[in-house]
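Letters A, B, C and D mark the chains as written, and numbering starts fresh at 1 in each.
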Amino acid sequence: MLVGNIATVVLVSLGAVFFLAGTVGLLRFPDSMTRLHALTKADNLGLGLVVLGLLPQVDSVLAALKLVAVWVLTQLAGATVTQLVARAVWRGGGS
Amino acid sequence: MIAPAALLVLAIILPAAGVVLALAAGGRGAERVAMAVIAGGAAIALAIAGTLWSTGAPLSYIIGGWAPPLGIALRADGLSAFMLLTSALVIGAIGLFARATYVQPAGTPERRAPLVFWIMLMGVWTGLNAVWLAGDLFSLYVALELLTFSAVPLVSLEGKPETLAAALRYMLFALIGSILYLLGCALLYGGYGTLDIVLLSRLARPEPVVFVALALMTAGLAAKTALFPLHLWLPPAHAGAPAAASALLSALVVKGSFILMVRLWFDSLPGIAGDGAAQFMAALGSAAIIVGSVLALRQERLKLMIAYSTVAQIGYLFFLFPLAGAAGDWERLAWTGGIMQLVAHAVAKAAMFMAAGLIGEALGHDRIAGFAGLGRALPVVMFAFGLAGMSLMGLPPSGGFVAKAMLLTASIGEGQWWWAVVIMIGGLLAAGYMFRVLTPALAGGAAPVILAARISRPRQAIVLGLAICALLLGLMPLRPSALLEVGRTTQAAEVR
Amino acid sequence: MTPATLYGLCSAVLVGAGLYGALVNPQPLRKILALNLLGSGTFLLFGVIARRGAAAGLGGDPVPQAMVITGIVVAFSATALAVALLLRVYQETGRTTLEQPAPKDVV
Amino acid sequence: MSLALLADAALVLLVLGLAFWINAASRAFPAVVGYVAFGLLLALAWLRLSAGDVAMTEAAVGSGVTGAVLIAASVRLRSAETEAPPPALPLRLLALLLSGLVTAALAGLVLWTTGPAPSLADQAVQHLPGLGMGNAVTGVLIAYRALDTLLEKVVLLLALMGIWSLAKDRYWGGIPGPSRIQPTNGALILLARLLPPIGIVVAVYILWVGATDPGGAFQGGAILAAMWLLVMLAGLRDAPAISRPWVRLCVTVGPAAFIAVGLTGFALPNGFLSYPDSIAKPLIIAVESVLTLSIAVILGLLVAGPPERQP
């Protein structure tokens, strides 16, 4: 149990750091493309670490699978939205 | 044999099913479905009113067996019966009138305007019947939205830039109105754990949560009813819509939110608003009468004049609040008078907008300045227009006369003579704007009027028939209506 | 202070912000956005009331929650219709604002 | 102040900050993007209020599909966006006063009324076993207040019809939206092929689980609609012409089935919109499945807009 709890604290905290970095990037980077880059890279990794960190805390295989599914689906959805935003920026010449 | 109470369900579900079926069928099917719904809907309205008349007791139906507060009850009292009959009559006339305009010729690709018109006509009817019958404030919110969603596309049906802008403005006003109403629903539910009208009337006490809720809901509904000074959206929307749609909007749609206001003040939260608030509502109504009539006098175009006249005629309805609040004899007279004003205006205004539509079609324009001699070229239409106008002016014998006479008598009887003064000034102003149209039309011009298009006799007959109905309402005796009283006192005892 | 009270205050401020934006902002698209804020605030008030009515092992009263679901759907339909109208007005006039229509143009 | 309340306070501040920013942003596009984020944060707030069903609906419909409509509109209007003058100062002050009053009144009521509110939770739960349901919200939507749900479906149909009515006459029956000349975007096409099967599974799961847990016809329908929109955005499929019989069938079959099942209730003791005890659950699931299909197609078409091209 103790090892699991320590792993959770470490991994979730690490994930939070990536989220923070991604958000700082979103706010500080100069244009849409670099902002997207910062956001998606950091958030995918951040969420992955959070999910990994939460795995020791679940009490059934189904719940663990759901957590992993959340991460996979977020990856796919994030990638899709990023493509769409990037395309809109490319075409619209927006900021 | 259907149980009488089940008719309440059918009154709402029949036009709703019509919307679904017409969309599924498309093309020519839409008009056929609408005609069937009009026939069925009229029969249902007659059956409900007949049952109430013969038994003298209100009807109620518990949906799915789930009694309020958990479920929803439909209820029909005398007011519901009046409104069901009025909407069936007006929608029937509009439907028959519109058959010439919204045609889908056989063997041609589906056309936009006919399909939209027939579906929205049934959408409006679903919303109206739900407003007349629903016994739950949240269901009434959904009913209001049904009205908005079917009324807005009717405004922009012709797709001209001005009417699109008018429709958008109407939509925005209506949305603010419905959200404010919904906000009040949230507060009432938080206070009493139910939105059922009858249960609320027993639970609600004069306390802050009710005051705030009533204020928000009244403001929202006033915006939807186009009560002065929230009337700005109405004239461009009602004047810009095609004639059949204008008739529907002016005659019935604005009455939906008004009846909801009446349900709130009289049925669901009775005695909560003080006399000051009631006087304030009537004062806004008075301002609407004066401002609306003066603006109607100044319009160059017939349809805009009629639309401003709607703003004015809506004003009279708000005399209900100070005059019909208590339970005395004068109050009962005011109650009948106020509702009669609503019914008479609905019938007369529908006839008037359709007459204006025929005039516009025949002349190719609707500039009042070009009406000289129109009485000779379009005698039936101008006659119908004049008859409907009598009701707006309040001349005997007409529905408008009966309504205004009752309101006038009640206001003097209750010692609130100032409203009587407004009613009389309003009548004079209405006479002013009506004769501005009628005088040149009947006097005749130097040259005979050249009509751009011929108007078929049946359509003229429909308009005349509706105008005669407005006149026949004037045969009603000048005393409180027994049918309208059904359920007013007993409603609180009826819920299971 | 309970969480429900906190979110209740949040809903009050949202309603105010939405109402102000809907009344003051001249651009219809922004009015539509503000109306959505107003609607969100209203729904949140339902949610707070539902939360305060938690009973029978539920975290909240399901009746107002169900009303919110209906409300969100209606609000979305309204947004879609209003936006479509706005886009059509723009197609026809090239403008994204609603000037007071000159009444004489209306036939 | 507990840690959880602190987190709530932070969430509330974020929500309010975004709301003010949405009002104040100088251009529409960023404001709309802000609104999507606002909706997602609000979904979190709904979870904090123990309203999982609402949270899902808010995320999917309030933020997601609404966001799609608003973003598309702001992009189309971007080039024409002009600086319109705000109303005169006295009007602004009046509006400020009005909205301030409403906020103060609501805040006062929230603070003054403490303690448990009246609730129908007990009654709602008590009757669930008879319906074979475990999720009280679904019970309210499909049984206790089914009339509202039914009328709301008619509202959706009318909204769709209203949007279609904005087509120009020559495009009636045509294809919604402006024509898309698609630059081939390999990644997007790959995703649009990969995600829908997963999305359909998730949507069916959410519909099914709605009987006992948060979820239901609307949330499932919204996910299906999102998948369809993704396929259209990637250019794999064009939007269908609105004159297609299958389109008309799909949008009407759900409401029609709901009305039909409601009417068969007249043959039962409890009348319109009641379900027979023995088969209540399968019947409800069947109605909800058909409704999910209709909702998905209607939502997708509401986003797609009026026809702007010939078929």
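Please note the rule applied: a contact is a pair of C-beta atoms (placed from the backbone, for glycine too) under 8 Å apart; a residue touches a chain by one contact, two chains touch by 3 or more.
If you're wondering where the values come from, they're calculated on a predicted model, not measured in any experiment.
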Least step count from subunit A to subunit B, where 1 means the two chains touch: 2
Chain labels contacting subunit C and also subunit D: B
Leading chain pair when contacts are tallied as C-beta pairs: C-D
Distance from the mean Cα position of subunit D to that of subunit B, given in whole angstrom: 31
Rounded Å distance between subunit A and subunit D, as computed from the means of their C-alpha atoms: 25
Separation of subunit B from subunit C, taking each centre as the mean of its C-alpha atoms, in whole Å: 26
Residues of subunit B engaged with two or more neighbouring chains: 70, 138, 142, 145, 149, 152, 156, 159, 164, 183, 187, 190, 193
Shared interface positions of subunit D, touching two or more other chains: 102, 106, 117-120, 124, 144-145, 148, 152, 155, 159, 162, 166
Full enumeration of touching chain pairs: A-D, B-C, B-D, C-D
Contact footprint of subunit A on subunit D as seen in their complex: 29, 75, 78, 183, 185, 187-188, 191-192, 194-195, 198, 202, 230, 233
Subunit B residues within the subunit C interface of the complex: 70, 138, 141-142, 145, 148-149, 152, 156, 159-169, 171-172, 175-176, 179, 182-183, 185-187, 189-190, 193, 235-236, 239-240, 299-301, 303-304, 360, 365-366
Footprint of subunit C on subunit D - complex, ascending: 1, 4-5, 8-9, 12, 15-16, 19-20, 22-23, 28, 31-32, 35, 38-39, 42, 45-46, 48-51, 53-54, 57-58, 61-62, 65-66, 69-70, 73-74, 76-77, 80-82, 84-87, 91-92, 95-96, 98-100, 102-104, 106-107, 110-111, 114-122, 124-126, 136-137, 139-141, 144-145, 148-149, 152, 155-156, 159, 162-163, 166, 218, 299, 302-303, 305-306
List of subunit C residues in touch with subunit D within their complex: 1, 3-21, 23-27, 29-30, 32-34, 36-37, 40, 43-45, 47-63, 65-70, 72-81, 83-88, 90, 94-97
Subunit A to subunit D touching residues, read off their complex: 73, 76-77, 79-80, 83-84, 87-88, 92, 94
